[in-house]
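Common to both upcoming complexes is chain A, partnered first by chain B, then by chain C.
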Partner chain A sequence: MTTTENGTTKQQAEQVPVAVRPRALAWRRRRASVARFWRQYRTHRAGLFGLGALLLFALLALTAPLLVGSDVDNVTDAPGGPLEEPSAEFPFGTDRFGRNLLGLVIWGARVSLLVGLLAAVLSVAIGTLIGVTAGHFKGWYATVMMRITDWFLVMPTLVLAIALATVMPRSLLTIIVAIGVTTWPTTARLVRAQTLAVETRPYIERARALGGGHWHIMSRHVLPNVMPLVLAQTTLIISAAILAEATLAFLGLSDPSVVSWGALLQDAREAGAVSSGHWWYLVPPGVAIAVVALAFTLCGRAVEQVLNPRLGVSR
Partner chain B sequence: MTADAASAPVEKQGAAGPVTDGPAAPRGPRARTTTAYLRYVAGKLAGAAVSLLAVLVTSFFLFRLIPGDPVKFMTGGRQVSAEQLAHYREQFGLDLPLWQQFTDYCGKALTGDLGTSYQFNAPVIDKIMEALPNTLLLTGTAFVLYTLLGIFLGTRSAWRHGRLGDRLNTGLALTLYSVPSFWLGLLLIVTLSVGVGPLPGLFPTGGMESGGEEGFAYVLDVAHHLILPVVTLVAVEYGQTLLVTRSALLDEMGSDYLTTARAKGLRDDLVRRRHAVPNALLPTVTLIFINLGRTVAGVILVETVFSWPGLGGLFYQALSVPDLPLVQGLFFVFAAAVIVMNTLADLIYPLLDPRVGR
Partner chain C sequence: MDTNDRYGDQRRTGRSPGRFRLVAAAGAAALTLTAGLATPLNPAPEQARAADDGKKVLTVAVAQSVDSLSPFLAVRLLSTSIHRLTYEYLTNYDPKDNHVIPGLATKWESSPDKLTWTYTIRSNSKWSDGKQATAEDAAWTFNKMMTDEGAATANGSFVGNFEKVTAPSPTKLVIKLKKPQATMTALDVPIVPKHVWEKVDDFSKFNNDKDFPIVGNGPFILTDYKPDSYVRLKSNKDFWRGAPKFDELVFRYYKDQDAAVSALRKGEVSFVAGSPSLTPAQAASLKGEKNIHVNDAPGRRFYALATNPGAKAKNGEKMGDGHPSLLDQRVRNALFKAVDRKAIIDKVFQGHAVEGAGYIPPRFSQYFWKPSPDQELTYDPEEAARMLDQAGLKKNADGRRVGKDGKPVNYRVLCHATDPNDKAIGKYLQEWWGKLGIGVTLKCLDNVTDPWLAGEYDLAFDGWSVNPDPDFVLSIHTCAALPATPKDTGATDNFICDKKYDELYAEQLAEYDPTKRADIVKQMESRLYDLGYMNVMAYPNAVEAYRTDQIKSITTMPAKAGNIYGQDGYWSWWSAVPADSGDSSDDSSSAGVVIGIVAGVVVLAGLGVFLAMRRRATADDRE
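For the complex of A and B:
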């Protein structure tokens, strides 16, 4: 297109800036579709609320070292007496070691969000890998993979995660792996169905006719089409993963030295906060879990509805 | 399509000629659909059997991954002589090679023997059978209540979708769905059992009975203990049923047959109850069964928090030791509950919806 030999191409060259390389064009399209997505997402009030809550919590988690200091979980040098009621100095009261509960809840956001995110990324990565390959390669590979998926699908997720966390050493990595390994099958099924739909389109045949290999077709043609679905799925799974992390920590299956919302609740129960009526010890961590899980669910539902207009009415 | 074409002559023959395959065999198209259904049932049952076998294999190998010597856990750090350790190993069959342990385990599991609990020194199957009725009482009650509540509110919500009532309903359902069940349980205990400020303690803090009661008083006592755990389970579980019922009904609401029903002058209420809801409930049926299996497994936390003497509470006790044979046995029971319920859902669905599985 750089050489202009006749009138028509000259005209085109004037309308379209000369140096439109395919990559630039692709980026422009991507920007346009992101803008379109945002315009529609903006109309979902619940989704916006979820996004706002998430940004707030993410900000708290990132700035926690500045806000509360990194020695907030120090047991030996606690600022207050054990189990103090909420006061001006300690707005949420203190825990059983006399630590500032507000600080601990803010600090706990780091672990809860991190574990939720990483577990969801692991889960969705496994699900996408298996879903795309099982949809692309047919035959025995797909059959075996879908059998494995079905088998994981019938296992009670929480029980399997608890069992895995019991047999592995107590650490955050264990929790992440236990959640990630047990929650991927739904993603795999969704992604496989979408892959099968995409692979019937003519442009895949064209790519194959032009000599595109398996890797090229899967990574350049199938994956970009599956990504929106994967994005919505990730948001929904983070919510489940945060709840699962809290549950496992509450059962005492996490690293005992790490402060997370579930671990705070376990502390509270062990300290007898339930039978002695110390409700302020219990409320903040639970509210934090519920708000963040709800926020991710609301975002996920909004993303799902924007990307899949068929769901439109059920919002 | 091809199956229909192939069986068409058979159908004609069956309708015209005498019945050949047994005195009670139904005639015509029903005979065809019955055999197709039986084939479908056989397929599903075989699938369930394979799944159960896979769970058995997993439950064996998963808990052999545990680092360290199970005998050390059993003796709980006490000083024991080498002979005693060897004796324990022999007693629990831990001195045999792994494959032999596995075949023993499978063989015994088929006869209902799931091994001996380290912690209680009693057969695992006895501990499970002891706790099972309590779990069934708790989950059964909660299941009936949250299913009815979910369907009722979901129908209301969909029928008046977009209004304030619908938005509040879905909002509350989503919020409660995001709440950890154990936390809700703890809060209920603090506010309603222990009592906060002027509130007196209205309910027992845990367990299933106060002891010493008999006859009708005993039933009332158990019911009194049952209220808070059931409320917790219903609160965290009804949301999903609500959302599925709601979206299923919304899908039906644009249908022509509803317009027809309205056009012939039926009241709005009748259109909803006689026409829309029965059709919309079809997808919900599958969910209901899957939920029943999941509730049995998901009850672990609620039972732990309320010290309910059921399978979940037992699982928590076994985990904290860890008492491997008991954990292993309970894992199998939980997974089996889900598989059995999923299979039931698969079997019942085609009977309700003739478009599926034939």
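For the complex of A and C:
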């Protein structure tokens, strides 16, 4: 929204002295806005912390096959005894099968992050589609869509997700779908509001007068303008999705043979780790979930404040 | 609790600005959680216990829901245990060694042809509403089960062979049989009061849970029940064997086992059995605890891997979709040869179980059977691979075995989502069989009954509690137990129907000589073992714990190394002696809790400092 507007003014300013080819111009403009975005983002210390934590976890998840090896979740060749305390060999101790918990937490990051990302992308994609079309077409279509959105909005998300995960076969895809189809309504509402705001601007009318169809207007003018909002929303939803994945896995609704942080917590509960004082079984996955969710939230908030200066008054 | 105060203090000094309040709250919550869950912040466990009116209450933590309080419908362990406590059976089992002893009947004799049994009913047993319990009540109970399908739901197998039951006098009960039946002194059927139950219309729907107290003549009387909340019983002062020592017995629900263990630590409950038992970690941590006794005894349960034998109904119609390759005995035996029973005992049960052999657990020594050395399916993965090769399941280019249909073999294993052992062993199966080139999909469900009854599984985790008389657990593998049509529900466990097994079953049921009968039962176990449809992996121990400052003594069954919860009889709760409410200072605080609290405080303090610095920073920025 604001970025492109600023971009347009600059572009007009630059256009006078030198005649540049449109594509190069567009690239230059994009580079400039990315640089400006980063300059502003840099001033948010919490955002930087979140970004750092995220990069660290992403690096761990990507290099997990090298760091711990894919046989870390192997129960038959588990290296230690069941529920060993943290030691030099096993910095986080071992789980009830005698597996190395540090390795499992690193390995679990892959699933938790993957599910979080995919579920958030699914959720935001649904939300954006419905938001943009509802905002653009208005009329009875918008009414119907928004009532459906309202219906999903008032449904308790977790209950709906549990119901979905129960009736569908137990797999990662189920969890992704269950989270994706239950968390989109807020995005849809936000995007619709933004679409309505964008569509009142004069250049949309101009585009329409020049013969731009529905598809052209939505994809070329509305979408780029709501994109920043969508991005910020995605980052925020990822943290919610990671928490939801952990919750569902903890409730035993995930694929039991997949290692994720939530599943580790569920394992710990089943082994009776809470009442027997085996804190090292619970703390690492719990802290990992908290840190990653916090990191995504911090990033999301920072992005939101950069893109929407009105939010950033306190800063 | 005092942690709340600490939390409040932290908040006052910390004064977290907006978005960090959440983190602070999370830290505090973690602290509360550690403290609250893992235990004795309030050091004095409540005593057993003289409530204000001086009543001694015994509280037992349970997790299993009651399926029905009607003795004609109930099959679950908790419900049948409650019926043991509230109704008398004709006979009972001695707590020392399981031999049959008098219950409602004081003595019994059979005619020379063993087809007419005469029981003498005791004259000193009264229903809780004051009426005398007579042979007429017993005759009515059996007749109802013989004539009303709904009343035969739970215990119908006992009366299937009855011709006629009469009560010629209040103290004399006569049962006429069609064929000899070995279980005549082990009729595990609660006798109900006729004058109360004859008013019931539909036995298949009546759950006996509306009118309290429920009229009974056992050592306890059921006074109150709220589903999944509590079951309350008071002692029957007029019980003929003598009144229980506790005034009240309460089964209180803790759906989470960790919560139940914490409640035991705090003294809120006197006894925890766990479902099905305490985990090894919980048992180990409770063992070190003062005033808590952990009872680790050989259980009466077997834990098996059932294989779908191509489920069929009695009318011959096929049911479900079991994998065709499992119909080959070599495949079934090969699969079991690749299961390392020793690893299951060591790793999953961590020693709280005995390695599986025959169908009936070693605790019932007269029926316990072990495969001979050349019959035994020892752990041998290489041999298993050879057997699979012979059975025609060859490996393809990816190293996966392919069935006759040319598709890679992948078995669905039905597992109880509520049983941690199922999931843990499932993980091992995936790896053991994966090495053989066979895929395993674990289907862990809260309700396994639907796919199970429909025969829609390849393998399944299975287990039954065995009674001193093994008739019931043997009967569930006969052809007679199959459902009549695919639409019906049968008593069958795993759709097994084997002619030789059925012949042996009929033979043992008609055999009155205990040694000869035991011999036939062992032959049945051998047959079952060879068939490979019921592969017993382990006999899990009963691992349970109780507070010694609330229960002074309690009877285990059998006396030597026996269990307390779920006995065949009312012995444990009837015999439990309350402890004197002496002082029991509890200064033991487990290291984990201390560490947890310290960590929580450190986190919160650190956060406070960080926030204070941050406030300064933002203030500077603003200027």
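Observations on the model:
The rule is short, and it goes like this: the second predicted complex is superposed on the first by the 294 of 315 C-alpha atoms of A that agree within 3 Å, B and C clash if a C-alpha of one lies under 4 Å from a C-alpha of the other, contacts with A are read in each partner's own complex, and residues count from 1 in each chain.
Just so it is clear, a residue touches a chain if its C-beta (ideal position, glycine included) is under 8 Å from a C-beta of that chain, and two chains touch if they have at least 3 such contacts.
Remember, predicted model here, so these are calculated numbers, not experimental data.
After overlaying the two complexes on the shared chain, residue contacts for A:Pro156 are found with chain B alone; chain C is out of touch.
Once chain A of one complex is fitted onto chain A of the other, the partner contacts of A:Pro256 are limited to chain C, with no touch recorded for chain B. Judged by the touch definition given at the top, the superposed model places A:Pro86 against neither chain B nor chain C.
Of the two partner chains, neither chain B nor chain C is touched by A:Pro228. Touch criterion met: A:Trp279 reaches chain B and chain C at once. Within the superposed three-chain model, A:Arg269 lies in touch with chain B and with chain C [touch as defined at top].
Which of chain B and chain C touches more residues of chain A is settled by the count: it is B. Of the two partner chains placed around the shared chain by superposition, chain B is the only one that A:Ile289 touches, whereas chain C remains out of contact. In the superposed model, A:Arg170 lies in contact with chain C only, and not with chain B. On chain A, the surface touched by chain B in one complex and the surface touched by chain C in the other have residues 46, 166, 252, 269, 273-279, 290, 294 in common. By the touch rule above, chain B contacts chain A in their complex via residues 51, 54-55, 58, 62-63, 65-67, 161, 171, 174-175, 177-180, 182-184, 186-187, 189-191, 194-196, 205, 246-247, 250-251, 253, 293-294, 297-298, 300-301, 304, 315-316, 319-320, 322, 327, 331, 334-335, 337-339, 342. Taken together, the chain A residues at the contact with chain C in this complex read 46, 74-76, 78, 82-83, 96-98, 166, 170, 252, 256-257, 269-279, 290, 294, 301, 315. Those residues of chain C that touch chain A in the shared complex are 19, 23, 26, 34, 37-38, 256-259, 261-262, 265, 278-282, 284-286, 343, 347, 350, 415, 417, 420, 423-424, 426-428, 430-432, 442-444, 446, 590-593, 595-596, 621.
On chain A, the positions that touch chain B within their shared complex are 46, 151, 154-156, 158-160, 162-164, 166-169, 239, 243, 246-247, 250-253, 262, 265, 268-269, 273-279, 282-283, 285-286, 289-291, 293-294, 297-298, 311, 313-314.
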